[in-house]
Each structure stands twice: as structure tokens, then as C-alpha cells.
Amino acid sequence: MSSADSALPVPVGRPRTRASRRDLWRFLAKRLVAGAFLCVGITLVSFVLTQLVPGDPAAANLGNRAVEDPAAVAAFRAQYGLDKPLPVQYAVYLGKLVRGDLGESQQSHRTVKADLAEYIPATFELALFAIVLSLLVGVTLGVVAAVFRDRWPDQVLRVVSLAGVSMPTFWIALLAFFVFFYKLGWLPGGGRLGPALTPPPRTTGMFTVDAALAGQWGVLGSALEHLVLPGLVLATYTVGMLLRFTRASMLEILGNDYVRAARAKGLPERVVVVRHVLRPALISIITVAGLAFGSLLSGTVLVETIYSWPGLGQYAYTSAKNLDLPAIMGVSVVVAAVYIAINLLVDLLYGVIDPRIRLS
Amino acid sequence: GGGSSAGTPASGTGSAAAPANQTLVVDTTFNLKTVDPGRMFETTGLLIDRALYSTLLTFTGGDVKKPVPDLAESYTASPDGTTYTFKLRSDAVFSDGTPVTSADVVFSLNRVKAIAGNPSFLMAGITVTAPDASTVVLTSEKPNPSIPFIVPNPALGILNSTAVKASGGTDAEGADKNDKAETALNTASQGSGPYTLSSFSTTTQVVLEANAKYWGTKPAYSKVVLRNVAANVQKLNVTKGESQIALDLSPTQAEGMKDVQVVNGASPNVFFLFTNNDPKISATTANKDFQEAVRYGIDYDGLVALAGTGSTQAAGVIPTMFLGSLPAGSGVKRDVARAKAALARSGISNPTVDIGYPSDFASNGIAFGDLAARVQANLKEVGITVNLKGSSVQTALAEYRDGKEQMGLWFWGPDYPDPGDYLVFLPDQLVGKRAGYVKGANPALEALGEKAATTVDDAERVKLYEQIQTELNTSSPFMPLLQPAQIVVAGQSVKNVQSNAVWLATLSELG
Amino acid sequence: MTGATPVPAAEPTLLELTGVAVEYGRRGARVRAVDGVDLTVAAGEVVGLVGESGCGKSSLGRAAVGLEPLAAGSARFLGEPVTTIGRGARPGRLRRLQMVFQDPYSSLNPRRTVGDLVADGVTLGGGSRAEGRTRAAALLERVGLPASATGAYPHEFSGGQLQRIAIARTLAADPLCFVADEPISALDASAQATVANLLSGLVRDSGIGLLLVSHDLSVVRQVADRVAVMYLGRVVEVGTTEQVWSRPQHPYTQALVAAIPRPDGGGVLPADLPGDVPDPADPPSGCRFHPRCPIVEDSCRTTDPRPETVAGRQVACVVRAAPAARADA
Amino acid sequence: MEPLLRVEDLRVELPTRRGLRPAVDGLSFDVAEGEIVGIAGESGSGKTMTAMTLLGLLPHGARTSGSARFDGRELLTLGRRQLRDLRGRQIAMVSQDPSTALHPILPVGTQVTEHMRHHLGLSKSAARAEAVELLATVRIPDPERALGAYPGQFSGGMRQRIAIAVALAARPRLLLADEPTTALDVTVQAGILRLLDRLRRERGLAVLVITHDLGVMSAVADRVAVMYAGRLAESGPRAQVLATPRHPYTRGLLDALPHPEAADDPARVALRPIPGSPPSLGDVPAGCPFHPRCAFAVPACATDRPEPVPVAAGHLLACPPDPLPRDGAAPVPEGAPA
Amino acid sequence: MSAGSVQAATVTTPDVARAARAPWRSPLALVGLTIIVGWLVLAVLAPWAAPSDPLAQDAAILQAPSGAHWFGTDELGRDVLSRVVHGARISLPLAFVLVAASTLIGSVVGAVAGFFGRWVDSVAMRLADLVFAFPGIILALAIAAALGPQLRNAVIAVVIVSWPGYARLVRSLVLAARTSQYVVSSRLLGASGLRTLFVDVRPNIAGPVLVMSALDIGNAVLLLSGLSFLGLGAQPPTPEWGAMVAAGSQNFDRWWVGLFPGLAILTVVLAFNFVGDTLRDVLDPRTARALRE
């Protein structure tokens, strides 16, 4: 062989661990700052929105008689700082927010933080159950649809997924409730636990987890039983969404040269599909899963109301109805924070899955 | 006197006595902010606080016409109706075992007043004193014959003053800012009632446990779980035995239920319509002939049918179960011809008016939107065009309270079970003003009202209130429509199920 | 062959690039893709620009027509500066400086008819629609397509035809000079030949100046009068096509020429140039080619060579310049 | 003895909207051990489909006929399992674009070893060791570290070397190289061509090189087949086909290229494109598919399907008129400028 | 050199033509289209097609489906079938209006953001972020609560919630198109940025936007009926499907009151999704991608 063929050493792109770690921190810091601004924006929007409401929080939260009593109204206004000019109210709110104080709910007479601490885990438990379920079912079926592209399983799944995203959540929730609880009696209706049971000692606030931690298997069973119906209902939309999307991104990737190359290597089809196709497809699936989580939160408003699930959705609904300003703003901040966190998580997961992002 | 509020069980009750260790599951749609009596005035709070706190007087079963002894074994009223002296019983103790004294009563009642919260109006103009450890005197500035009907209110439940003070409670001036006991009271109750608070959430469930130190008859159920459940689900739960009591079913929902007791009480809520008497708001609605046209144009029977079995036409503004109510059947009857004649007399051609109502609100299973639509249809037959202007309860309430609605469709729920609470409909009073019914609109009626407010004698009072209502039914801008049914549905095992007009049901009486 | 002399610049210079630099990226991570390039294009002249992938040919071409801002240096067209394209319309005088892109499929709007696309060149210059239409038909025939093509959409044509349409579109603006960025590398062999012939024909017939960017030296050789060879953002050698092809001076040019396989059936393996183009963000010190250079000397690692005349053309190589300088002395 | 790969009268029909259409039609060629055979032709002439047929990776609904025997086994009728065992292990592929042929998010190590372990049953460490050796063979600097790196961290030329390493990992006997250098710079291309040449010499690897670049063909192939519209136009030893092409299409391809051999010609000769463009799948003209573009076409060309016939030792030609001179001089078709 | 001939011209296929042919290729789209047309016809002919006045309370309440009342009667003795049929007159036009409004607003904002860039872009996109950070129904809830529970306000709420999707899509398409070679070459020929926006970019955006709108109609129907279900949209006695389901949910065992309006929602949404999904396959497989950027 000619000497010219002896390649000179060429720098292989070296894994830039140190630099990339610093970049990671910078990236995180940037996202967090942006997130903080978003949160402030959100509070401003919800503040303005609630001011638009023609009603009066005092009227909404004081009784019929008390509202006619100037002393009671004044006391109420003073208690919630409603006697101050609007910009001051907002500034005071922001000031407290920075210190982690979300104010006191006018409906529950508790700090919004305490309320949220109770409701967030409930919703998180439900949403997590639903999203995990959707990911398992949606992604699996999406893979099946892609593998069987244009053949009957694909056609069937196409209808299934479209049906999933077309179901009115509230209707399917009622239907499921009626059928599985009332008619068949297979599953309990509403609530997080059977009435005879006391919630497990609080660690995470998620009954299933807490019950498991405390070893209270009966409670765990009941908590799981209660999760099933609302969880399934909540998941119908996201299963459809993820199925369709998984199929699309799988197909996009199946068309790539590197998949053909993997097949040409004689790898078993399972390895090709899982390692060479699904893995890169996960990058976009994760994005959609993040979006799906957002739509789940929307779904919780309806589902929690129907299933008496004491969570964020119900809280948001009742606060909006009662013009409970601190609660509405608290919910908004939390939801925005969740949104930011999920986006961040999605971005970080990209890095885990995709070395191109991790390394650049 | 009117219809009995004590319902009769729809079907036979179970025979076996409930075992002492049984749990009672009660489903209700929570309207609950707190169980601190000083701040509480919502339906669910009343239900719970009745079980947690004893009051000076109380009502038993469904009878709210007759206050009976609770912590006070007896009381006397001064003839002028300004001073009420209560004698406390000696054996009553709080749940921590300390005896109930007059100091606790004074503290509790003063605290309600000082906090200036929702129930503070109950104590308006009333001062409380304790001449000795077992005597409490309530003195009112004006004669106040309602006091025996006010003190049973669970908001006036008697707190263990020592314990409450220890957790930051105060009855002094400035309690609106300084009283910090609410959180503590939402964690553990400090009362002498049949139950104690075991766990509390304003949205999920509240658990009560029998008060081991209760001085009265021990309740049958050792534990009560109140769950926040929507009415439609309550029905399923109680049918399936998942709960024993459902408190919020509408008549329609309760119709035809099998294997449960349906206790069909009457609700003290009176739905009414008003046409604004203020010509500045609407010259049309302020017109007397127009008002008559509306009054006789409405199909009261149709509305009652709409409200479902158990509902009745409200003969006057005072509900049947309260003193002074008009006899059933004495209400206005529809007379389309008369209505048309009145309309013709008014000289207004093609009257068009807006009607305001809370469109997102239903009470006793009746949606205001449905009622309004009915009213619209009724009045159309008379020749009046009604535009439905429903809005969210908060928005509508604001308009209503500001007296801006041309026509309004609302209900009045009693603050306490006494006809005195219904003087608000008179000119220049709370509700009267909302309908533009101002001072001087009916001087004779106003005089009657003043007299009724200070009369102590029951027979006299009944007469006065009947007169007032008849006058209202003749010339006021108010048209009482109906009194819906208040239904308690209970499983077969529960005994002594009665519906109470003030606090829905007395949990400690259930067997 | 005597031609060691540069092509006399008898024709007026149309495009003049001096010290052009193009940078990408944000502060902190700036990459200098083109670094101080001098180049001219005269009327009726085809200047070829060759080099390995990523060496900055396209960047230079884009900068020359005002599609990239200059980080340094100047680009002048007919003596006036080429302004970078902004949000508004390009100044009218620059309309005669145009560009043809590599990918014919993406340089024509798929939703518009070929006729409209070509007529753009006329109407955007203030011509009427009718003028545009007649001109479009004429130009399509000029590039060898039937006038009836005006009614069709781009997807109805093959790559070679599309490239000719793209050229017709450019011609509608009556360019004096244009830059063609790899106009034929996406095409089949025979379509390549068609388009290459079309381009060189245009230059000869209309006296248009052409800067032809290509990574394929053999194509450039076929079409260009002069060739500039780029390496990592710099021009390392400029000379007549003949000089560069037959007697390359710069070691990089030599490697480039030697690596071209010849389809003569001879079975000769082309010579290999080991290594890769370094990262432009972090160019080697001294001569940028020195890590891969077969004739590297110590001074190459430190001295950044300036273009000097070697054997009748400009070469930026310390080693090659040295004997020339000695000879000159 | 039969050569390693013998393709005879291969026909591949692909599903189109208008039904099955032949993408490869009556193609025959051999590849012997240690031999590099080139298939040339314009875009769409069926080169890639030929390779895919050999791997059993045709699109859904494709139909094949004829025969393709590898080491005596008929590939066209092999079952899915057997085909899978053959792929990578016996016949491997390197495809055109190194930036897409390697999986962007799997480490190089995985891509080199996964099928090695599957086919050869090697342990993880053994496979790694072999992979290191292999990467060294294809001249990847610092192979140890390269195993943990991702394709994106390498330049185009390096990636193609890695792709070749991946193809060679399970020690195949035949390498299908589909335009292995098209996306690369000439300098890098030279390195890859040298690598292929070395592999065949050192390992006795048989290589089928698919390309439209006759320069590449000329550099590495021992024998050359030229395809047009799915049919064989001409095939034979490299020197014969490229230096003295007999088919007008081969000639046209050569003329359309820049003319390095005219290096001494001071007056540059204009390139001579083949007029028209290749037919698309589905409307291949009857008779000789090239006849509408052929300067030498005779009436019979439009009707009679030309079959490849031997015109010299190992030289097949599918052009009955056989109009070109035998000395390799460029002919002058009528109408062309002298 | 010879003149290349124009290849046998397959029919020119701009989007509209392709979109129009889409349903005939896919049975699902055909089913969807049939359902939509069916509902539209019902909506137009409702006064004649419905057996009775949707507001007339003249039957016995809560009767099970029977020959007289195919879908039974509701809690006020109204004919459920008539109400479901009349519901189409509310949901369908509103869904179209809604999507048209969001599309218009979103496209304009997106185009302006993409075209002007810099702070205009930042402001528009931060606004969009703000909306995205709220789950749709929670924001709609807040808006509907703030403006008051009325169908009109619910529509406004849904528009506010859904325009950012279009803005992002259009912006990303504009950004992509802005650097595309055909836009650049127009720019070189002297077209201003604005002109290319209309001449070159707009037709290329139409497809994806159309797909998104088609897929969004279903979502709009869902969101709107969800708000009505919660009591924040249509008010009684309006025969709106979501509100009817809510009414039906008050009496679970009288399943017919809520089942049929729910089915109506499902069929309409499903039909639009069938059509939208097919359109996406035909017009733009990458809408979903662009959406995320």
C-alpha cells in the first residue's frame, strides 16, 4: 500500500465533557431565568384577568348578609389587601411570591401553598399515571402501526387513535363512570380512597406512593383502584395523540438510510425497530409527551370535577368560579412552573437520548 | 303555620339498631370554607358545626318553629323583647372534659361579633353578659324577638374559650385582624357537641368522631365521613350503598329511587321574581300595572312542576316551616286575562324587559336558567317580551346587589328560621332596595314591618307577618314563586332521617 | 504551451473582492469561514472557485452578491459597494449581479409556474407583465426549453431542466455578472454537461462575468478561464485554468489535481491526501495547510503565507515562494 | 467453478401507481472473489435496486425473477430468516451518504459490534477487540476512543471509513458499495478507493461498486457493467469498456465528462451531453430504451429489444447496430461540431 | 444541445387540487366528509328536520327513548333528538368561526413575527409562550370566568387559547421560507422582503395551515363543549351539546339525555379528524414537526 494511504492522525472530536457541563449549567440558568420571567408574565396575566371580572371577591366569598355589613367587607378587604390600589396589590403579590408566599385562599381560608401542597400531589399522581399509561400504550401501538404501515393493523390503529383524540373527555368520563362503577360495579366511583380508609402518612402526598412506603397494602389497593377510571379517561386523548405521533416519527425514521443499513447488517427486526428506529423516534415523542402532559392538565379540570378528585384541576375550576384571586394566581404560577419544568425535562431527556445534543 | 318540615321516611326503616362502631358516610356537595364557628356560614359548615358545637338553644328533627334547650336548660325573655336570659345546664363539658361556663358563652358570641366575618351579623346589636357562671344574658338594642331562633345557629356554637385563646383566639376589639384560631379550629374542634373533628379538608372530606366526653345522648354512629361529591354521583353512591346519606339530590334525581329512604322535606329557600320598582332602571318594570301583569302572568303551578315533586308554590316570602308563613294554597294564581288587562291598563305596548339571574347556579337541583326560560315563556303569553340576561353568579350578584336589574330571578335562604329574617323584602330594606323598593314606596307596609320587628308574642307575630305577606303579594314588586323540595336520601339502615331547614340534617340524631 | 502569464485584464472588472472575510455564529463562538480573500471577475470571464467541502466557497460566493454581511474587506460591483441584503428591496444597480444556486429543486418556488418564475426577473425590474411573459418564453428557449414550459410547475421538470430554468430566471434580470454556486453538482453526468455548456456559452456570447463555485476541479477546468483554489477560508492559488490544472504550484492544488480519477480505463488509483480539513473555528497556526502538507517546513508552522507570484500565478505558500523569490533576486 | 455471485437475467418489478414496473430488466453479471465489479449508469437506471435485491431489501410489493446465486445459493428464493443470516454476514453494504448511513445517535462501537456479535456470536469484549482492529484497518486514528464516539464527531471521509468498517465487521465475502464516494471530496474519495482496493487484495473481498462516476469505475473496478433504464447496455473488462466503449450510451457518458485526456488541448472542447434525459420508471421506450437519445439509432432500435451478446472475450454489448469504431477514438455523430 | 422536452405533464397539482382529491383516496376521509356534510345538512334543515321545537317543554320529563321521542326527553320534558339536531346549528358554525379566527390571528401574528424578527418576534413569541404555559382549558376557564359565562365569551376564550399554535407554525414556516433558496433568489432579483412574503411564502404556508385548521376544528368543538359542560359556555336553555351532556350527567340512569349529545360531539370531532388526518397525509407530513419549533 502506498505511503500516502497511511493517514495522519486526525483529531477525533473529543468528548468535551468539561465544556459541556459548563454549557449545561449555563443552559439551565438561562432556561430558569426565562422561566421566572414567564412566571411573572403569567401572574400578571391572571391578575389582569381576574380584575376584568365584574364581580367582587368580597361578594363572592362573604355570605349574603355579611356582604351588606360594611365592617365585614372592610375586614375582608383588609385581610386580602384588596383595599390597596391595583398596582400596589400586584407589587405586594410579587414581593411575597419571591419569598415563596402565595397568599391565602379566600375560599379555603388556608394559605394557597397549603392548598397546593394538598392538591398538586393528587393531580400529579393522576397525571403521572395517565402519562405513563399513555406512553406505554400509545408508543407501543404507534410502533405497531408504523411496522405494519398501511396494512390492516395500521388502519385499525389509525381509527383508534383518531377516536382517542376525538372523545369529549367529559363525556367519556361520565360514560365510564356510569358503566364501570354504576352498572358493573367493577371500580369505585370518585374520590381517592374508600371512605373507610384514612390516607397514608404523608410523604409525597401521592396516596399510592405513600401507602407503599408505609406498607399499607389495603390503602394502596384502594388508591390504585380509585386511580384506574380517571386515569384511563385522562389517557384516552394522550394515547391517541402519542400513537399517531409515534407512528409518524417512526415512519420518518424508517425512511432513513441508517435503518436500511441496520437491516442490511442482518440484525433481527426487533433490534432494528427498537434500537435503530424507536430510539431516535423517542426524541420527538418526548416533545409530544411534554405537550401531552400539558393537555393532561387541561383534562384534569374536567375529569377531577367528575370523579371528585381533589386536585389542581378542581381547585382551578372552583377558584375561577369563586374569583379566588390568590388561588387563581397560585394555580397559574404552578402550572407555568410545571410547563417550564416539563420543557426543561424534555430538553434534558433529549441530551440523554441524543448524543448530538449532549456533545455540542 | 304551614307544612311540616319533618319528612317521613319513604319506606320502612331497618329494624336493627346501628352498631356503635359504625361509620356513617354522608355525601354532599361541599360548600365549605371553614369550621371555625366564628367565621363559618356555609351550608356544609352549618351541618358540621351543628355536630361539633353545642349552642344555647337548638332545634330537633325538622322542627324549626320551636327552639329547644341545648346548653341552656331554659331561657326567659323580657316582655319588651330586648333581654333574653339563659340558664346554663351544669353537666355540660367540652371535649377535653372542662365544664362549659358562661364565660365560654360570652367569649364565643363576642368573638363572632368581633371577627366581623360572615356570621357576625347574627350578633348585630346584641351584647352578651354573664351575671354568674351559669347565666348568660343577651341584650338587644332594639326589641329582637328573633333571638331564640338565632342562637341555635351553629355559628353561635360555644367554644372552649381557654383552648381557643391558647391557640390565638380572641374576642376583643380587633379580632378581625388578631384572631388566629381558625387554623387550630380547622384541625381540632373545641366544642361540647356530640362529635369532634378528626380530619378536615374543604374539598375532599371531613371526618368526625364521636365525642367520648359528650354530656348528652351519645350519637349512634361513632364516625361520620362527609365526602364532597357532586349530586349526580351522590345518587349512584347511595344507591350502591357506598354512602348512607345523600343530601343534594334534586327531586328529579330522587324520583323513582328504589331501596332507599327518600325524605322529602321542604327547603326554606324561597325563589322569587322581582320587577324593579325604580323608574330610573326601567319605567316599564316600575309600572304598577305591569307588575300586576307579571304577577298574574306567571304559571306558578308550572314552575312547581318544573321544580319537581315535593316543591310547593311559595304563598308568601316566608317559607312554610317558619312561623308566620301563609297557608298553602293561598298564593297568587295565574290569571292570564287579568294579566293582559293589567298590561293594557299600563299603556305600555310591546313591553320588553331584561331579566337577570345566575345562569351557572342551581339550588336544590333547579337551574335558574330553566326557571328563567319558563318565566320568559309564561310572560310571552301575556305579551311581555323577556330577554334572558343570565350571567355568572358573581356578576349577576353584583348587579342584583347594586339594584341594577330590570327583572331579577333569585332566592332568599334564611339566615335563621324566624320570620324576622324576611322583613328584608320591605321597602328600604336589604332586598327591597335591590328591587328599587325604597322608603316611602308603601308607608303602611313599612309601619307594619316596624311593628312586626318588635313584637314578641307569637300569635301577634303570626298575624302581622301574614298581613305583611298579603300586602307584598298585592302591591310589591316581588312575586314569590316557589319553595323547592329539600331531599335527604338515606340508605335503609339509617334511622330517624329528617331534613332540617337550617343545617340540612342533624347528624347526631341519626340512628 | 507558453501560457504562464495571467489572463490580461483586458475586459473591465465587474466584481472586485478585496480582503473579504465572512463570519458565522454569535459572539464567543465565531467562525471565520472566509478570511481575507481577494478576487476579481471581469466581463466575459469565468472564474472558477474550487476547494474541499467546508472551505468557504459558498460563503464567499454569497458574500459577493450581498447575501452575507462582510466581517472585513469590501465587495464592489461596477466600482460600487455591494450592500448586504436587508428587509427592503435590493438597490436596482445590484440587480445585474445575480446568483444561481446548487439545488435546482429548492431554488424555484414549487407553487408558481415556470413562466411566472422567469418573468419575475423582468417584472421585479419594473417591466410589465406582458413584457415578462414574452421575455420568459424567449429566455426558456435560450436555455433550451420549449416556450410552452411557461405554464408548467417546477415539479414537472428534471433536475437539469430546472437548473436551466433557474438560469433563465437569473438571465431575465439582465445580469452583468453572476455567481453560480455548484450549479451542476446535483445533476446527472449528461445534465451536468448541458448546464456547463450553457453557462460557458452565456459568458462567451453575452460577455457576462461568472464566478463558478465548484468542488469538482475537472468541471471547473472545462469551463473556467481562471481558477482560484480555496483552503480553509483562504485562497491558496489563483491562476489561469491551464496553469492550475497542468502545473499546480501550491501543494494543496497539487493534491487536488492528483486525486481526480480519470475515466480512461487505465486502472490508476488516484493519489490520496490524508487527513481532514481542520475545524474553521480553530484553524492551525501559520500556514493553514501545514498539518496535511507533504512539503511542510518548520517555518510553515509559524508563518502565515501571503499570496505571491510563483510561476506566473498567485500562490500562498512559503516553500513555493522561496525558490521563486530566490530566482527573482 | 461458479463465481461468488452470479446474477442471471435478473428482473425486479416495483409497485408504482400504474402497477408493477421493471426497475431492473434482464441484468446479468458475475463477481468473483477478490474482484471489484462496477455497475455504472445514470440516475434511476436501477443500480441501487440491483443491490437491494441481493440483500432482499426491496420495497414492499416488489417482485423479482431470474436468478442471483451467491456461493451457489439462490438469493431470490431465500426465506426471511436465511436472508437475515446472510445479510451482513455474507453480503454487506456501504451506501452513498456517510452522513445518513450511520446511525446518528448510536455510538460507533455499537454500530460496529452489534451484528458482529449477532452473527459471529462473539462476546462483548471480543467484539470490541475486533472492532478496534477493524477501525485501525480502515485507518481511524485512536480506534479505542472512536468506539465510544458518535458519527457526528467525525468528518465525512472518516464516517465513510467507519461505514466500511461496519460493513466488514461480520467478515462478509461480498461488499456492495452503492456510490461509496459520491458525497465526498475528491481527496477523500481517493483514500476510500485505495481502501477498497487494499481490502480486496488483502482479504480477497469481492466488491460490487455502484457509481455513476466513470472515473471512480476506472480507478478501482476490474470489470464494468453499464446499465441504462434497468437494462444492461454493455459490460466487460474495465479497460475495454472505458477505453474503447462499444455502446453509444457508454460513449455518451464518457463524452459528457470533462476530458482529462484532452489535457494538452489548448482549446477547451465543449462538453458533449447526451441529449434528453433518462426515462422514468414506467415509461421506458420500447425496443432499445436508449434509442430516443441515441445519435446512431436505426429504425430497428425502436422496436427490437437488444439482448447482450458477447463481442469480445468477456465483453457483452446490447447494441445490435454496434456503430462505434473499435479503436476508442471519439466518433463524430452527424450534426455535431467537428 | 437539444431542447429538453417537457416531461409528460402529470396534472398540475397545487394544494387545492390535491386536497380536493384527498377524500377519494382514503375511505376514512370519505366517511368523515359524509358525516360532516350530513351534520351540515341537518344544521341547515334543523327547523324542519327536528321533530319538535328544541325549547318546547311539552313532553313528560325524562322519558326513555321511544317511538314518539327517539332520543327520549330531558329533565324539562324537551325532545332530546330535536335538541341534538339544533345543537348542530350552534357547534358547527361556531367551530368554523373559531378556527377561522384563530387561523387568521395566528397567521398574521406569526407572519409578522417571522418577517420582522427581533423584538417584534420576541414579543409575539413570548405572548405565545404565555398562552402555552397555561393548559388550554385552564386559561379558557379563567377567561370565560372573567368575561362571564356566555357562549360568545367561551368562543373568545378558545380563540385566545388557540391562536398561538398557528402563530408558531406560520412563524416557523416564514423563517424557513425566508432563507429558502427560492426566496433568496427572488430577493436577489429585487423583490422586497414583504413581496416575497406574499408571493413566495404565502402559497407554501397555506397547505400546512390548512391541515392544522382542519385538525383543529375538532379540538375547537371539544374545547368549546368542554367549557359549556363546565357551565362557562352556552347557557340554558340553549341546546348546546356540551351543556346537554352536563344536564344529562345530572341523571346518570337516564343515560339518553347525555349519551346522544355526547355522541354528536364525538361524531363531528371524529369526522373532522378523519378529514384533517388525511389532509395532513396528502398535503404536509411535517406539520407536526413545524408545530413544535
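Note that the chains are named A, B, C, D and E in the order they appear, and that numbering of residues resets to 1 at the start of each chain.
Here is the rule we go by: a contact is a pair of C-beta atoms (placed from the backbone, for glycine too) under 8 Å apart; a residue touches a chain by one contact, two chains touch by 3 or more.
Bear in mind the structure is a predicted one, so any value in this text is a computation, not a measurement.
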| item | value |
| --- | --- |
| Chain labels contacting chain A and also chain C | D, E |
| Contact-graph distance - origin chain A, target chain B | 1 |
| C-D or C-E - the one linked by more C-beta pairs in contact | C-D |
| Whole-Å gap separating chain A and chain D, where each centre is the average of the chain's CA atoms | 52 |
| Separation of mean Cα positions, chain E and chain A [Å, integer] | 24 |
| Centroid distance [mean C-alpha coordinates] between chain C and chain B, Å | 90 |
| Intercentroid distance (Cα basis), chain D paired with chain B, Å | 92 |
| Shared-contact residues (touching 2 or more other chains) in chain B | 233, 236, 360, 392, 395 |
| For chain A, residues contacting two or more additional chains | 2, 4-7, 10, 53-54, 177-178, 182, 305-306, 321, 323 |
| Chain E, residues touching no fewer than two other chains | 1-2, 4-5, 7, 145, 148, 249, 252-253 |
| Interface residues, chain B side, partner chain A - complex | 23, 25, 33-34, 36, 39, 41-42, 115-121, 124, 176-177, 182-183, 186, 199, 201-205, 207, 225, 227-230, 233, 236-237, 239-240, 242-243, 360, 392-395, 397-398, 401, 413, 415, 430 |
| Sites on chain E touched by chain A in the complex | 28, 126, 129-130, 132-138, 141-143, 145-148, 218, 222, 225-226, 229-230, 242, 245-246, 248-249, 252-253, 255, 258-259, 262, 265-266, 269-270, 273-274, 277, 285, 288-289, 292 |
| Complex interface listing, chain A residues touching chain B | 53-56, 59-69, 71-72, 74-75, 78-79, 107-110, 118-119, 177-178, 181-182, 185, 188-192, 195-196, 198, 305-306, 308, 310, 314-315, 318, 321-323 |
| Partner chain E, residues of chain B touching it in the complex | 231-233, 235-236, 250, 252-253, 255, 306, 359-360, 365, 367, 369-370, 373-374, 377, 388, 390-392, 395 |
| Interfacial residue positions of chain A with respect to chain D in the complex | 1-2, 4-7, 9-10, 12-15, 256-258, 260-268, 271, 275-276, 279-280, 283, 353-356, 359-360 |
